[in-house]
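One chain, subunit A, links the two complexes that follow: it is found with subunit B in the first and with subunit C in the second.
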Partner chain A sequence: MWKYIARRVLWLPVLLLAVSFVTFALGHYGPGDPVAVMMGARYDPDSAATKNLRRELGLDRPFHVQYVDYVSHFVRGDFGSSLSLHRGQPVRELIIKKMWVSAQLAFAAMLISLAGGLPLGFFIAHRQGRWHDPTTVTITLVLMSVPVMVSVPAMTWLMCLKLSWVSCSGWGGLFDLRIIVPAITMGVPGIAGLTRLMRASTLDVMGQDFIRTAQAKGLGALTIDSRHVLRNAIIPIITVLAFSLAGLIGGAFITETLMGIPGVGRLAVDAIFARDFPIIMAITLIGASAFVLANLLADLAYAVVDPRIRYS
Partner chain B sequence: MATAEKTTALEDDRPYRRRGHLSRAFSRLIRKKIAAVCMVILGLVYFGGVFAPWVAPHDYRNQDLSAIRKPPNVVTDQGITGFWSKSHFAGTDLKGRDMFTRVLYGVQNTVILTLVSMLTGGLVIGVTLGLVSGYFGGKIDAAIMRVGEVFASFPDILLVIILAATLRERVRGWVIWLEENTFLDGLLTLGVTDYLVVSLALVSFGWIGMARLVRGQILYLKEALHVEAARAIGASTPRMLFVHLLPNAISPIVVTVSMSMGSMVGVEIILSWLGIGIQPPRPSLGTMLYEGASISALRNFPWLLLAPGAAAWVMVLSWNLLGDALNDVLNPRTR
Partner chain C sequence: MRKAMFVLAVILAAVAFACGGGTEPTVEETAAEPTPPISETLAAVEEAPEQPSTDDAVTEAPPGGIFRRLWSDPPTLDPHLVTDTTSAFIVVEVFSGLVKFDTDLNLVPDIAESWEIDPSGTTYTFRLRDDATFHNGKSVTAQDFKWSIERAAAPVTASPVADTYLNDIVGAMDYIEGNADSIQGVRVVDDRTLQITVDAPKAYVLAKLTYPTAYVLDREVVESGGDNWWIENGVGTGPFKLKEYSIGERIVLERFDGFYGEHAKVDFVHMNLAGGQSMAMYENDEIDITGVGIFDLDRIQDVNEPLNSDLVVAPPDFSVFYVGFNPNFPPFDQPKFRQALNHAVDKELIATEVLSGLVVPAYGILPPGYPGFNADLDGLTFDAALAQRLVSETPYADFLTNVASDSPYYETAQAALKESPFAGSGNTPRIEVTVPGTGGTIGLDLEVVIEFWRRVLGVEVDIVQVESATYLEELDLQKYQAFYAGWQADYPDPQDFLDILFHTESSLNHMAYSNPEVDGILEEARVEHNAFSRVSLYQEAEDKLVKDAAWLPLWYSGEQFVLIKPNVKNYKLTPMIVPKMAAVVIE
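Now for the complex of A and B:
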């Protein structure tokens, strides 16, 4: 077990190094010169100003020097400063601010997914084989299949233009009404997956011997459900929650761009178009770290709550 | 090999061997109402998309300046030809172009791109790497899986977006080189660049899930008795792979293809929505959804969102529901 954990932990930096290399190479060899974007109309490839700016930013050095320099700074917590989008601002502060926004939004969305998915899955597991079961699964699939580019405008149209419940876009934090539309459009697709998972896991527990024992002892249905079934059925959900933790940091590209929410997703899209490499690199690396860490934590949490699972 | 012929002849005599696994699964599938409806809808949408130039009532470039931003209308008093060529079933856009026609052409792009990316990325690359990884194991397996892990570690679809955004100029260069150095002409104007860029970006994320799935199946099947028997009588590697292993993994592959077609359609639409997929003037669902999503468009011309939105939803939904039904039919253990 400990050997397994050690191997996984040692693999993490290698994986992140590979991710950073791919992103850095794409940015370096791809088209779009950040210096050209920064200078705008005054850009002239041979002028002294262009050369000075390039030297000042360190962009005139060879690829491997730039890459090693970037990684060594990144490891020490220095993510560089924004080139064109928020010129000169340190990327670190910028991203932390945006991440807080994305995290609040993702948290609200996760609450909606959990509040919908867990009860639904638990309920239809008790109605296995009856019409409730396939109907619920189909309805959640229908809702999940609406692309964000359709659901966000459609919800805006309904909540803002038709019903005038909320204003159409903008951001005011977790306790602002404007979070409703993005939280619903991000949370509802998650219901489908959680419903299925909860259904499968509840059915699995209900088939176990100890449930039959509990029934034989004459325990009431309510006690069995709450004491024995629910507690054990919730275990696999932990894995999904761990993955959502990674999503808390990644942000939502489309929803944030459409709703004018100043989160990481929108920053990433803006940075890609402005060729602001330090920002792109930082978002990719932080997102990837969060993802692989969440993956590892999920596996470990699984082994901790369910002693039957052993890794070798 | 007289014995081999004998066994096949014997097997063919048995009535229940006449039909293959997939054909029996198919007849169970079409008995499911939802699956049948999904297949019909997908058939219609894909037919309409692929044959858009013949099906569409208008030309996607034609502007009718007398009918700008008109809501959907149907002409009923001019016979069947007037009904088809004068009506605007989904209204017209800001430039007076027929939305129904533009959606058909947008579907055409989405359909071709996702099918090509699925065939190359998911089926050819994904299945091959999964087979190699699972069958040979060891260093090759570790290398393939580690590379897949790197690709999969990118947050959400950030890699696809970065690829599509950075590859365009380079791909454009290749296409121009092709035009100058071969007899191929007019590639640029045909929009080959867009197609290549989007397919490359889609392929980059399409192969990982499939490779992992096939690898897992092969690892499991390798332990099966019939595979051990085949190895014992000295079956060659290709025979092991394509006769004994791959056909037994076909069910989960089919389910995965159907499930991931839905997400591939979604990603393709996101790319053109962000402006890094199919470029105007070629119509794309993403661009149309972008134009229809502004507050002023929503307030005044909601039909601009309705037609492309419905098309996108129907495509994603049908693939997902079909995948769900296929899963029921092909993997009866999870039923």
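Now for the complex of A and C:
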């Protein structure tokens, strides 16, 4: 088990190196140039201002020099400075706080998805073929299909302008009322997927021999459901959760922008358009690490939930 | 592999999101930046992104009040590096320089209380006020100005705009290029007297010195503070101090009581940076000012709407949108073909019917209200028959064979074709118009323009959309046959449009347009002393450019609609960024 974990963790630097290389090369050789973005309509590659800027930002050095320089700083925890978006400001400070905001928001949204999806899926699996089943699936699918560009203004109108329950936008952390609207708009669409997954997985478990055995033994329905069905049905959900966990730090561009939440989603998009490579690199690498670690967590969680799974 | 996919997914998702909802609200007044395509401007005439400050230390209203607005993160607040309006709006309130524009755009003294220009028109001697101090109490001297101008121009500072605003000063370009130890043309006469010498008697020198690139900074503060000296210790000379900057959250400006000029009336300006729905926040009394987007306009303009009384009309900013033609590529090598493309478009119809009157049709280059604007300019107005005849006189007459038989312009097209000596040549080059942006949709305005070309002239064009960062790079290579672009004034002088965009030698002449006659006039205008003759020269150049159809000018910005809370007085809406917050009163 420990060996397994160690092996997985040891792979992380190798993967990060590969990811960083690809991202860095894409930025360097792809179209667009942070210096052009900074100079705007006045961009002229031969002007003294452009040359000074390129030199001061270190962008006139050959690819391999820039890359090695970046990696050597990165391993020491220095993510570099922003180029075009917030010139000269340390990337680490720019993104850490924003990632934490996005993570809290995504966590709240995930709780809503789980609180809605798991019970619903479990419930309709027991009502398979009856009207509850298609009705619930349809409703959750409809909710999922409402884009945030629609749901955010609609929720804002209702909760802020009509009912005056919350401020129209802003951010105060996980325990501030203002998280309600964004968390609902981000969490509710997730209910559909979880409901369907939970329903399928519950049905699958209910059709297993050991459930029939349990029934034959005369165990009560409640005991079978709680002790046998639920515990087994939840295993596939862990995978989904792990992936969402990795997505936590990614941010949600549209919701963050519409609701005035200082998350990382908008920064990521702005950084891509401004070719602010250090910010793009940092977000990508942190995202990749989170993904790897979340996957590992999921694998470990399997072992805890399902005693048949062993890692060696 | 999975990781690589993840990277890709991140990028793709980000791009998809951006296409779905990424509109960056613009400022109601703007200064020195490439203008966004008109589609974006129309989508986002809101004031600026920002949001409420509910959890600040200063909750009990101070006597002067707090002005609250939505804003977005400035790329920098270092005056010497500022290139954009988001940053400039804040910088002009916190810092200051020798001269400034007032809210009526008159050039007025700032830290320089007076100045003299020698008879040759090249040496400016500025007398500094003796009561001007930095926010830390230090007195501002001529030495501070010399150090500041040299710091702005220094290669290590790498200011993107140093060569735009300081290039006229003798020796400045050598210094910017790293070939000199100081700027020869900036001389300290004594503590209170600064002399600036420029390379020719140029009329726009003072206008350029209003820009933050020429602002004064405290050497000690900058040198001890590192690259981001202004975040922790943004010491300036303006009417407000930078009290707090928290990235993505808020900027707080506080009145500076030691200011040499008119003291600010409000105690604080709160600018929230996180974004939000400006209109909803205004209605919920979270902010004091908001732009009105195209979708709220009908409602707000209704006199029965309570908010209607808050409505203020903001003057248009100084910008123009156009399609540039590169004469090195056929069919744009034929002036008559370019003229035909101008005459084929009914801009009045597009402005009123398609764009709800939010823009003003452009027939010239200089925007209305801008120095040198020529109200009597004889532009290339809509005339379908003339357009067709012009095309028939070029080797590309066969475009007219494509005019559909159900087009209202079919008969005249056939007639023009019959007369044409070039008919039947089959010479109809492919035309590609490059548009910046993402999402695959071009502006509604351009779509209609293309439809006019098709219906009147049978000219079919392909649209190529290029993401902005790439677009800027490729523009410079002059590789676009035709492109959609905008230009916004950096300073109020016709040189900023005509010389910079059309002179053969200008690096920003992306059309590769070259007209020796126009070049001659522009060069003459650069050094013309007499303001009146100078304007005439520029108008002559503009007239020739319009007649030669170097562009298809499309629009000037129209008026914008802004809501301001009734208890906020003296907030002046201006077409350029100028210091204005000191005058604002909250009742």
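Just a few scattered comments:
Going forward, the second predicted complex is superposed on the first by the 232 of 312 C-alpha atoms of A that agree within 3 Å, B and C clash if a C-alpha of one lies under 4 Å from a C-alpha of the other, contacts with A are read in each partner's own complex, and residues count from 1 in each chain.
The criterion applied here is as follows: contacts are C-beta pairs under 8 Å (C-beta built on N, C-alpha and C of every residue); 3 or more make two chains touch, one makes a residue touch a chain.
What you see is a predicted model; the values in this text were computed from it and never measured.
Legend: residue contacts after superposition of the two complexes on their common chain; A:A288 is shown touching both subunit B and subunit C.
In the superposition on chain A, A:L141 makes contact with subunit B only, not with subunit C. Of the two partner chains placed around the shared chain by superposition, subunit B and subunit C are both touched by A:F253. When the two complexes are overlaid on their common chain A, residue A:G121 makes contact with neither subunit B nor subunit C.
Of the two partner chains, neither subunit B nor subunit C is touched by A:P278.
When the shared chain is aligned, subunit B comes close enough to touch A:A154, but subunit C does not. If you count the residues of subunit A touched by subunit B and by subunit C, you find the higher number for C. Of the two partner chains placed by superposition, only subunit B is touched by A:G27; subunit C is not. Residues 15, 18-19, 22-23, 31-32, 147, 149, 153, 156-157, 160-161, 168-169, 250, 253-254, 258, 268-269, 272-273, 283-284, 287-288, 291-292 of subunit A lie in contact with subunit B in one complex and with subunit C in the other. Of all residues in subunit A, only 15, 18-19, 22-23, 31-34, 36-50, 52-53, 55-57, 81, 84-89, 93-94, 97-98, 147, 149, 153, 156-157, 160-161, 164, 167-172, 250, 253-254, 256-262, 265-269, 272-275, 283-284, 287-288, 291-292 touch subunit C in the complex they form. Those residues of subunit C that touch subunit A in the complex are listed here as 2-4, 6-7, 10-11, 14-15, 17-18, 20-22, 33-35, 50-52, 54-55, 73, 75-76, 81, 83-84, 155-164, 173, 176-178, 227-228, 231, 247-249, 272-277, 280-281, 283-284, 286, 467-470, 472-473, 475-476, 485, 487, 507-508.
By the touch criterion given at the top, residues 15-16, 18-19, 22-23, 26-27, 30-32, 137-138, 141-142, 144-147, 149-150, 152-154, 156-157, 160-161, 168-169, 200, 246-247, 249-250, 253-254, 258, 268-269, 272-273, 280, 283-284, 287-288, 290-292 of subunit A touch subunit B in their complex.
Listed in rising order, the residues of subunit B touching subunit A in the complex are 34, 146, 149-150, 153-159, 161-163, 165-170, 262, 266, 269-270, 273-274, 286, 289-290, 292-293, 295, 298-299, 302, 305, 309, 312-313, 316-317, 320-321, 324, 334.
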